[in-house]
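Reviewing the structure listed below.
Chains: A, B, C and D, in written order; residue numbering restarts at 1 for each.
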Amino acid sequence: MPVKKEKRLIALLSGPDRRGIVARLSGWIYERGGNIIHADQHRDQEEGIFFQRIEWDSGAGDLAAEAAAFKDEAAGQGMDAFVALPDHVPSFAIMVSRFTHCFHDLVLRWKSGEFSCRISGVISNHDTVRRDCEGYGIPFHQVSIDADNKAEVENRQLRFLQRDPVDFVVLARYMQVLSPEFLRALGCPVINIHHSFLPAFVGGRPYHQAHARGVKLIGATAHYATAVLDDGPIIHQDVVRVSHRHNVPSLIRKGRDLEKIVLSQAVAWQLEHRILVYGRKTVVFD
Amino acid sequence: MPVKKEKRLIALLSGPDRRGIVARLSGWIYERGGNIIHADQHRDQEEGIFFQRIEWDSGAGDLAAEAAAFKDEAAGQGMDAFVALPDHVPSFAIMVSRFTHCFHDLVLRWKSGEFSCRISGVISNHDTVRRDCEGYGIPFHQVSIDADNKAEVENRQLRFLQRDPVDFVVLARYMQVLSPEFLRALGCPVINIHHSFLPAFVGGRPYHQAHARGVKLIGATAHYATAVLDDGPIIHQDVVRVSHRHNVPSLIRKGRDLEKIVLSQAVAWQLEHRILVYGRKTVVFD
Amino acid sequence: MPVKKEKRLIALLSGPDRRGIVARLSGWIYERGGNIIHADQHRDQEEGIFFQRIEWDSGAGDLAAEAAAFKDEAAGQGMDAFVALPDHVPSFAIMVSRFTHCFHDLVLRWKSGEFSCRISGVISNHDTVRRDCEGYGIPFHQVSIDADNKAEVENRQLRFLQRDPVDFVVLARYMQVLSPEFLRALGCPVINIHHSFLPAFVGGRPYHQAHARGVKLIGATAHYATAVLDDGPIIHQDVVRVSHRHNVPSLIRKGRDLEKIVLSQAVAWQLEHRILVYGRKTVVFD
Amino acid sequence: MPVKKEKRLIALLSGPDRRGIVARLSGWIYERGGNIIHADQHRDQEEGIFFQRIEWDSGAGDLAAEAAAFKDEAAGQGMDAFVALPDHVPSFAIMVSRFTHCFHDLVLRWKSGEFSCRISGVISNHDTVRRDCEGYGIPFHQVSIDADNKAEVENRQLRFLQRDPVDFVVLARYMQVLSPEFLRALGCPVINIHHSFLPAFVGGRPYHQAHARGVKLIGATAHYATAVLDDGPIIHQDVVRVSHRHNVPSLIRKGRDLEKIVLSQAVAWQLEHRILVYGRKTVVFD
């Protein structure tokens, strides 16, 4: 059974739960000659919401039209649907500050073919990765942020990002808070990596906070950035064991691997259309 | 949306993969007034096999007839199906030797309501847990095994087990090899816990083997017992970190928690009809 | 090299760091015919504090006198020292409420010989474990707590605990806040298990809080109880992965194993004299 | 207490266990004005071997002479000792084949300052990383291996490695078996990463073997290469959970992160002189 990736559609759906929704949508696909390859679903029984991810090989000639027809069908069932077309190459931009391990990790995964995507550009308030970006052929935009020019800087960042629109933005240890206005104007998901197991140690210097509290695990959390700092829907988390032997620098060093693993996993799921957000939560069909 | 557990059917299906199978089965359920609560599926694309677990609230009055009708429908699609009825209380027997931590762990989970089942009896070649069984009201059968009486002992065990037929048997650190004849005559799944991360350290004294090899992780594996020692389909595995500081007794102590966690998880999945076996592998819809 | 456990002394030391402290204390032991079996040490370089755990086979005839001499020697070096004698059987009391899995876990570890100790008594505001205690021969004390009688109840609990003084008390899911007065009057360490990865989800119903926040890991934390709720020095923590599929009851079920593992590990370390507290932190020589 | 790293000596010792060894060596350091910063020790009680790692700030003017004196003192106690001088920058060479994720991971850790060392050269039987090496300024040596020229190729590799002697060699997914002669002639430790949790799945294509066996965990093992394939002393291991959903390519992808983490940890320990080998085992003072 060869996998014809060129005919593959992926839909993410959510809406009020109702009887028969699985039967209707799978029936619709089947009747039009499609073949479901993967399907995963979830019901939040408290909220009465239905979620589904369906991956199918379509029998249609015009896939864009087929995707639109599927969205109509889903809408008729009261569902919001997103459908990814096989010829769309997803793209994201990276924002990074002084710590560049997550940047390098993402770029190497992209270069090695692990991520099927484009990286449309890199924004930094330092010039540490300028030469790396040149080497990789990725547009690089440096900004100088001070207390007075935040709005203006964010406008320039927006213009840079909008020259080559992206599906999402990754804050790969970007140590500046983005304004609600910026997030709104950007209009796409922003994935942030926070170096603690949220909701513990919100805000600045979480490894210092962790050391002061004497925890025996440190963590990292990938989440969607929202207007409230470190409060957005959590995509992925992991932890690693530490002991009294670890001072702050060794927590920072140990945490780096965690940050890379957690952020790159979240980015992989985003690229593969595996995440649905509702309220302050996510459904991840991994 | 109250969960009407008394109308809940759970099906486990497998068979040759074919287009439209999801649509057909979900359509069948929908048309008969059922509501799918959970559905999970898997395609082994190398082998061309389709697997599914469906949990639905049936609209039928006679659930046994509905289950039979579903199995017919599945058979018509080339699928083997098992369907669990809501009024069936699954039951298992435990076989245990000298180390009783897994026995106590299983029984306490059952007593606390974590396992929805009956424990139909306990077989041991020691009398360590006789009084505990009496306290819990579980039939206890002691056997004395020596080199000469294995066949006879197995026959007595079979008779004990068949007085109150079980859905499956759990070897909770039962340190005797069961003969192929016994397994065949028993005719139900047998879940064993092996105290290593199989396929490493097959056979006896795996903690001694692990210590001699100087591994940095020890493991436990829950698997179905087959005629070949420690070779059956793996259900669940976990590991824990060890170091040069651990001698054999401390590996044994550390491994106990692992064995309990891994075995009880496998038993929970078995009770909830989450495991499908094919060849030497399992699909676990957790 | 047979281990003569009857001559084994274990010292826990801490004090201002100073040059030569390791040499002096190991020299002292050596000169008196002792043989160091294990030694572990830590320097908190920020605070300038030295910590050590030494386990040695003493050559002395009178071990109590030898322990006292060691404490004098340590005091001369500016160190506080605790020394455990081989013939002291440590003991603890358990306080438990409605959820009894940690209680059963501790008692079974004690019964199976995994814990070398006495369990001097059990206090509960329910009678769920009364019969189990009778079966095990452990004194049981039930209290009825309401808004008005907390001080009186705590006084009765103190009298019960003081009839057979304990080395420490374990709150095995005891769902009542202990007053600062009670903790002070008790005068021994109190180990609590909190069902979150502290400092996340302090206070009541942490699994509900975790579910509302949409975390991807749930945790458990064993810590010393202090006058500030869920704020005492952390001894041990662990986490387990969860997903959108877990509702609150399944978080509670999944968390139980975590709570047992984390609490029993903390108790084991306490029994083996492996924990030193300083400020809001612990040094655990595991 | 500022850490004077320029006076820091690190000793690794092992030898027949004897009473008083800790006291003698710490006394020796103290009397010569040294201050022990870290000390860790282990006794293998079955084998009667004592192991120790001591890190101390020496009061001596000539550190090389002090190190030699320490080794004499240790030899007088029957101990083999290695002593690292603070001005020695350790170095290693990398051998890599077609899969370059471990190579990139090691080099980025070195570049970011996480590894305090030199990378003296890279050998590959492919030219995939030639340009990266040029960019980093690391000498690169490509070899063409076929059935007939193995001995000759190994000779050329030896000459390349011996131009700039290294403390150890890292096989970062080098898919060629090294001959016993090569290992002997090289005369330094060789760290290999094997992509399974050894001793499971020795030899080629371990992810294929793991998939065929249906394991629920895949692993990676860093070990010292010896003349027997995948049999050398294990330094570090880790695992990650997999399921029926993972086919061989996804095991390979998932395993990559594991391989990087496990190998880089082993290299970090080697650089920090934390590993002692005895027989087929390691003592790792982490």
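Here is the rule we use: contacts are C-beta pairs under 8 Å (C-beta built on N, C-alpha and C of every residue); 3 or more make two chains touch, one makes a residue touch a chain.
These figures come from a predicted structure and were not determined experimentally.
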item	value
Labels of chains that are neighbours to chain A and to chain D	B, C
Farthest chain (mean CA position) relative to chain B	D
Pair joined by more contacting C-beta pairs (A-B or B-C)	A-B
Between chain A and chain C, centroid-to-centroid distance (C-alpha), Å	42
Chain B-chain C separation of Cα centroids, rounded to whole Å	36
Residue list for chain C, restricted to those that touch at least two other chains	45
Chain A to chain B touching residues, read off their complex	1, 3, 17, 19-20, 22-24, 26-27, 29-31, 35-41, 43, 45, 48
Residue ranges of chain D touching chain A (in the complex, touch as defined)	100-101, 104, 108, 112, 114, 135, 253, 256-257, 261, 264
Footprint of chain B on chain D - complex, ascending	42, 44-46, 51, 197-201, 212-217, 219, 233-239, 243-245, 247, 280-284
